[in-house]
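Per-chain numbering from 1; labels A, B, C, D, E and F assigned in written order.
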Amino acid sequence: MEEIAFFFGALFALGGAIAVVAVKNPFYSVLALVVHLVFLAGLFLLLMAQFLAAALIVVYAGAVMVLYVFVAAYVGGIEEPKWDASPELRVIGPILAVALFIAISIAVLGSGLAALGTPGPEDVPSGFGTPEAVGLLMMEDFLIAFEAASLLLLIAAVAAIVLAGRRREDRKSATDDRKSATDDRKKLVKADEEINAAAAGKGEGAR
Amino acid sequence: MARMEDTLHDRELRQAGTLRDEEITVADFTAELSDRVPGVEFELEPEQEMLTVNMGPHHPATHGVLRLVVDLEGEVVKDLKPVIGYVHTGIEKSCETMQYWKVIPFVERMDYLSYFFNMQAYVGAVETLVDLEVPRRAQWLRVLHMELNRIHSHLVWLGTTALDLGAMGVYFYCFRDRDRVLDTFEMSTGQRMHTRYFQIGGVAEDIPAGFEQKVRELIVQLNTGISQYESLLDKNEIFLIRTKDVGVVSRERLLQLGVTGPLLRAAGDPWDLRKEGGYLAYPELEFDVPVGTVGDGYDRYRVRLTEMRESLRIIEQILDGLPEGPWIADDRKYALPPRAELSTSMESLIHHFKLVTEGFRVEPGEVYNPVESPRGELGCFVMADGSSKPARVHFREPSFINLQALADMTIGEYVADLIQTLAMLDPILGGIDR
Amino acid sequence: MPDAPGLELILAEINRENPGAVLDTSYDREQAALIIDPAKLIEVLTWLRDTPGQEYTFLSSVHGADYFPKAPRFAVHYELLNRERYERLRIKAIVANPEDPEELPVVPSVVELFPTADFQEREVYDFFGIVFEGHPDLRRILMPEDYVGWPQRRDFPVGGEPVIFTRDEVTNPGWWQ
Amino acid sequence: MNIEWFIVLSALLFTVGLIGVLVRRNPVVILLCLELMLNAGALALLAFSRMLGNGDGQVFVLIVLVVAACEVVVGLGLIVAMYRRRLPLDVDEMKELKG
Amino acid sequence: MEIERQKLRVHAPLEQPKSPEELRARQLKARDMLRGDLTGEDLDNYVEERVATTTLEKVLNSARAHSIFPATFGLACCAIEMMSTVSPRYDIARFGAEAFRASPRQADLLILSGRVSIKMAPVVRRIYDQMLEPKWAISMGACSSSGGMFQNYAVVQGADKFMPIDVHVPGCPPRPEALIYGFTKLQQMIMGNADPGWRSRYNAHGTEEWARGGPASKPSEEALEAYAKAREVLGA
Amino acid sequence: MDLVPGLPLADTNFVDATWILIVKSIVIFLVILMIVPILLLVERKLLGRFQQRYGPNRVGPYGLIQPLADVGKLISKQGFRPKGAVPILYELAPALTIFSAILTLAILPFGDVKDGVGFYGIDVPIGILYFFAFSSIAFYGLLLGGWASGSKYSFLGAMRAAAQLISYEIAMGLALLGVVIMAGSLSLVDIVKAQGDIWFIVPQFVGFLIFMVGGFAETNRPPFDLPEADAELVAGYGTEYGGMRFGSFMFAEYIEILIVSGIASTMFLGGWMGPGPGWLDPIWMLFKMWMLAMFFIWIRATLPRFRYDQLMSFGWKILLPLATLNVLVTAVLVVVL
């Protein structure tokens, strides 16, 4: 059962990843990455990381990929021809990558870590991978990392605003150059008696 | 100037697919047969980040078949061009083929929400042409119906505007009250819309017994109705932020653009032909002209709502002081005799026959007769050439003129505000296209 | 309304500055009108708008007229309004018939003076085929862009305009002609 | 289900991401491929965490998520800024950092 | 000269019809036999087609009849009265038709409310073509039914010149009651599965995409040919 | 017994037998499936009453069969895809929307564990995060629908929907955080159990308000119905959809209303708790959901629509700081008291 779940998830996660690289239109790449993420979250579940699976979906699929969607739609579907890398990279790139893969595989499989060949210990601490456990770890053992991460997020947010925000002068907001209404018109809006009288008088005169 | 050849040449080019302008022509329609929503044609111009959206002619918020070619940058309107003519009916041409008294039903169908005003503009012009004095009772009856019509028109405006803003309930309440107003029309004229009640020289028929009672009831109902709208909209924060400070154009610019009616009054100009021109019974009646201070959507809404109340005031005065007397002029040369006379008076029968078969002739001349319609100055220009048919009938439609201000009101606003401003403009496409 | 003598005064004043601008006056059914030479249209309207004491600042309506059997056939009417005194004044620019019937009569555009004339001049062009020189965007406004003919001329037939559909085009090309 | 499998999958995903970064020229897609590589790393971390029965790896993954989010925000900000300035959206043609 | 006519009751006296459907079937049969258009098996098939609808079809037709979403589409004066039918007093919602849909894709009924000008007619036809089958059209008021009083250069003299109309509602403008009456007539028509045979005349089966060989379905040969020719003629 | 031995989905709390899980899922699905048409009908009828008219009353007694007629009609409409649409994605979008909406139903608890059966689909330890995860997937349904239609109105509608969803999801999450802090658990069952003394709507009233406002925005209901504002964008992301695909979007919208109502009544209104014997629990839960759904309809009949920028600034400048403040105050109070 577990094996089926893994291969199913792995197949789609890998398929999604390949599609990200292979399709021409960036918009489709984004969608492929969403598929990849959903199945990756399934794999996370297999590793008993429930909180991270949910976080992956909420943060990645729910927020980060939305940004990608916006940008891909904004920039427009600029399609590039398939496999049109710079000539030197067209050959070297894949070779490098495959070499890296082989290196990693050798490193992992040849590492002699006996535990690698097992599904992991059965007696994980209770609540392993729940929000509670992760939260405790975060707040007790890794507080500095947590704070650093929050600082990083803040800096990134500021940077994004600086980068993508429009310069002030060419921004013409719809509400900018309007004067706010005064309060006295809250009661509208009847003409002064004089204006009316004058108008009436004129009307009679003309008749 | 060989414009004719030019047009022909353009047409050939367009059919050959080599000439394109932003108009979607018949040829374009059929040639492209695009699968999009009606009339939607887009192109993204990356240089300007502009999106050209084509609203209409079939679009729920254009109050008919108006087409707006809107350039959007994000959600902000950068340019706007109204394209009109989708209900062009050729009424002015048709009027030229009809005798003077047969034209009345045609003019009613121009601005189909203010038919009494259209009639008054036309009938008044013809009366000036033939120098006919309208009896006092007829004048008062005309004012009564016109003011009821003003309320009716504003009710439809309020309902559709509220619908455009998403407030469904108000739409239904407005139409409930509108039906009540139409009941009174039905009682006095026999029709809900397009009543053909005004005749040259007076009105078609005296009001029936019980009419006054009915209108008095209506006044009470409308007063509560208007209070209901106020409590539904005026205390609604969303409505207020949607309408306040939106679509402001200065009073001077509005005057340059020829805008009249509630739009001008909302900008603070108490210009009302009922006061200025003083036609019919208006000089004898007491009413105020509501004006706004800022000229935004909220002021337009307030001005119209207050106008409805003022109209109710006028109606009440009319009911109190309706003079007795004939309701149609005595001059049988121009005015149809009352129906009852036909069975007793031979002369009336002859007049009736003559009027109905060949109409009456009018000495050559030209007259421009303006009235204050719910949307502004509604002027009727009638040109007589001595025959029994008018040589030209032209209407100065307030909706048509006011529409020119739309671009000024909306450029730089959000697309949602465009909808709101358009609704506040209250264009009636039948009036615009005629 | 300016009455008949008042009109004469206006005529005299305008003609002093622009000789021959105003051809005639008419005072009929309590409605005052100036009949003018279209070549001097801008000058007359500017004078009426800007001269103290006149101040016809509001242009109510612009419409065309076709006096068909008569000799100067077309006219463009401008309904001016003085909002202070509530006085209306009609300016009639009578356009002489062009020699060639295919040619279109020409009148200067007043959009610069009165922006409200924009749509109305387009409408007059659409229906009467009167060209307004200097109009920023003179296209048909109510009729379809590729329509041929000037419908409200008095010699244009009233009825019977077929609709052009692709489908009919296939079975019977040019069936509407 | 042995941990090796996860590690191999992680390596595969990383390789795919790397190929993408090397051969694609659209900056949006390159960012996406970076995401792929980060995710591959996250998967490996989780696998090791499971192998050790220790939650520390999960905290690392969370930090990776944060880093990824930051990277996205800045990267996309750069792309939008480039687009606004009508620069070509092609990494091969971007040779200078001047705006 | 004597004309021989086949008598209906030659061999055996007919039984009394058991149901209205049967009666109707006999009437149709009798009419066509008298006319002599059809004979034998064809006749049986014809009658079966006309009269016998399956239960499922009946249910579906009933569903269609009672859940009509009109398009938000107003043209002129009649549009105001059309809006009135939704209003509290007339309340077309009772028939399940208050859900006015702005997008033609979701609408089942096009109410042509007002005069159709020559500038608007192609647009109207296009909206009709964009609606999905099954779809219907009501022509409301004199103008769209026949041109009405506007017999001039600008108005199409009757909307059936360019699209199939199922129900005509007279009046200028018709009262909301009249429109609702026309609407209920349309409902009856839908439940009776009556196809007046107009669709084929106006080449109005399916949507525009369908006619042009869109992705979702196959176009008819004729439609394909016709549109190809049209494109050729227009040089597009 | 676990459904999938390796899947630690429900290992912390009570776990049912597989066949019970299957029966439960079918029952929950069917119940909601029955409720949605009733909700549709009730909305039309109720709107009618708000607007001084009757609403549908001709099909069946009191118009009760009206939704069936609607469904029958929608199903029998022509199958269709616009020519400019993207082939598979266009069909996928409505399915995705329905799929994510239905999956979220699984975590709504209709009662405690009784006789060895939990009255809920599953009780996941990540609890409320599950809801947010699937609502972020629902976003792709709308986005694909708008984008794949190949029409500009759809596109604008989809973009509005996207911006709206992500803006309000944050405020919603923060609003629920206060409850989570008070209950000390993410599991919905635990949260309901924690409301034995007092429903969280009393201490967390601000959170409740924010959550409901966010819920209106999540479900695209008025006054936040900008993505399908028919006055501006014809029908928003659904412009090019007809027949049952359009029906699916509508169906999903109503399921989402029920879900938001369900989550709100679980988190704030004491879930299944109420007076009376234990077997009344699911009834109470459904009753609370129903009342909140009625609230959705009431608002629809009353309020006008926001403008796009107002919607955005309301979400970011008012709701978000308010929700943050709410969380902070709750956290401080929970620690201090």
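Please note the rule applied: contacts are C-beta pairs under 8 Å (C-beta built on N, C-alpha and C of every residue); 3 or more make two chains touch, one makes a residue touch a chain.
Note that this is a predicted model, so its numbers are computed, not measured.
Common neighbours of chain C and chain E under the contact definition above: B. Each step here moves to a touching chain, and the least such steps from chain D to chain F number 2.
Among the remaining chains, the Cα-based centre furthest from that of chain B is the centre of D. Chains A-D form the pair with the most C-beta pairs in contact. Distance from chain A peaks, on a Cα-centroid basis, for C.
Inter-chain centre distance (chain C to chain F, centres taken as mean C-alpha positions): 62 Å. Spacing of chain E relative to chain F, judged by their CA centroids, is 40 angstrom. Per-chain CA centroids place chain B at a distance of 45 Å from chain F. For the pair chain B and chain E, the distance between mean C-alpha positions equals 34 Å.
Listed for chain A are residues 2, 46, 48, 51, 55, 63, 128-129, 174-175, 202-203, 206, each touching two or more other chains. The multi-chain contact residues of chain D, meaning those touching 2 or more other chains, are 1.
Across the assembly, chain E contributes residues 72, 87-88, 102-103, 119, 122, 151-154, 209, 212, 214, 227, 230, 234 that each touch 2 or more other chains. Contact residues on chain A toward chain F in their complex (touch as defined above): 1-2, 5, 27, 31, 34, 38, 41, 45-46, 48, 50-51, 53-55, 57-58, 61-63, 66, 69-70, 73, 126-132, 174-175.
Across the complex, chain E meets chain B through its residues 71-77, 79-81, 83-84, 86-89, 102-104, 114-115, 117, 119-120, 122-123, 126-127, 130, 149-155, 172-173, 175, 208-209, 212, 214, 227, 230-231, 234-236. Contact residues on chain B toward chain F in their complex (touch as defined above): 34-37, 40, 42, 51, 53, 59-61, 75, 162-169, 172-173, 176, 232, 236, 238-239, 241-242, 414-417, 419. By the touch rule above, chain C contacts chain E in their complex via residues 142-144, 151, 156-167, 169-170, 173. On chain A, the positions that touch chain D within their shared complex are 2-3, 6, 10, 13-14, 17-18, 20-21, 26, 29-30, 33, 36-37, 40, 43-44, 46-49, 51-52, 55-56, 59-60, 63-64, 67-68, 71-72, 74-75, 78, 80, 83-86, 89-90, 92-94, 96-98, 100-101, 104-105, 108-109, 115-121, 123-125, 128-129, 133-134, 137-138, 141-142, 145, 149-150, 152-153, 155-157, 159-164, 166.
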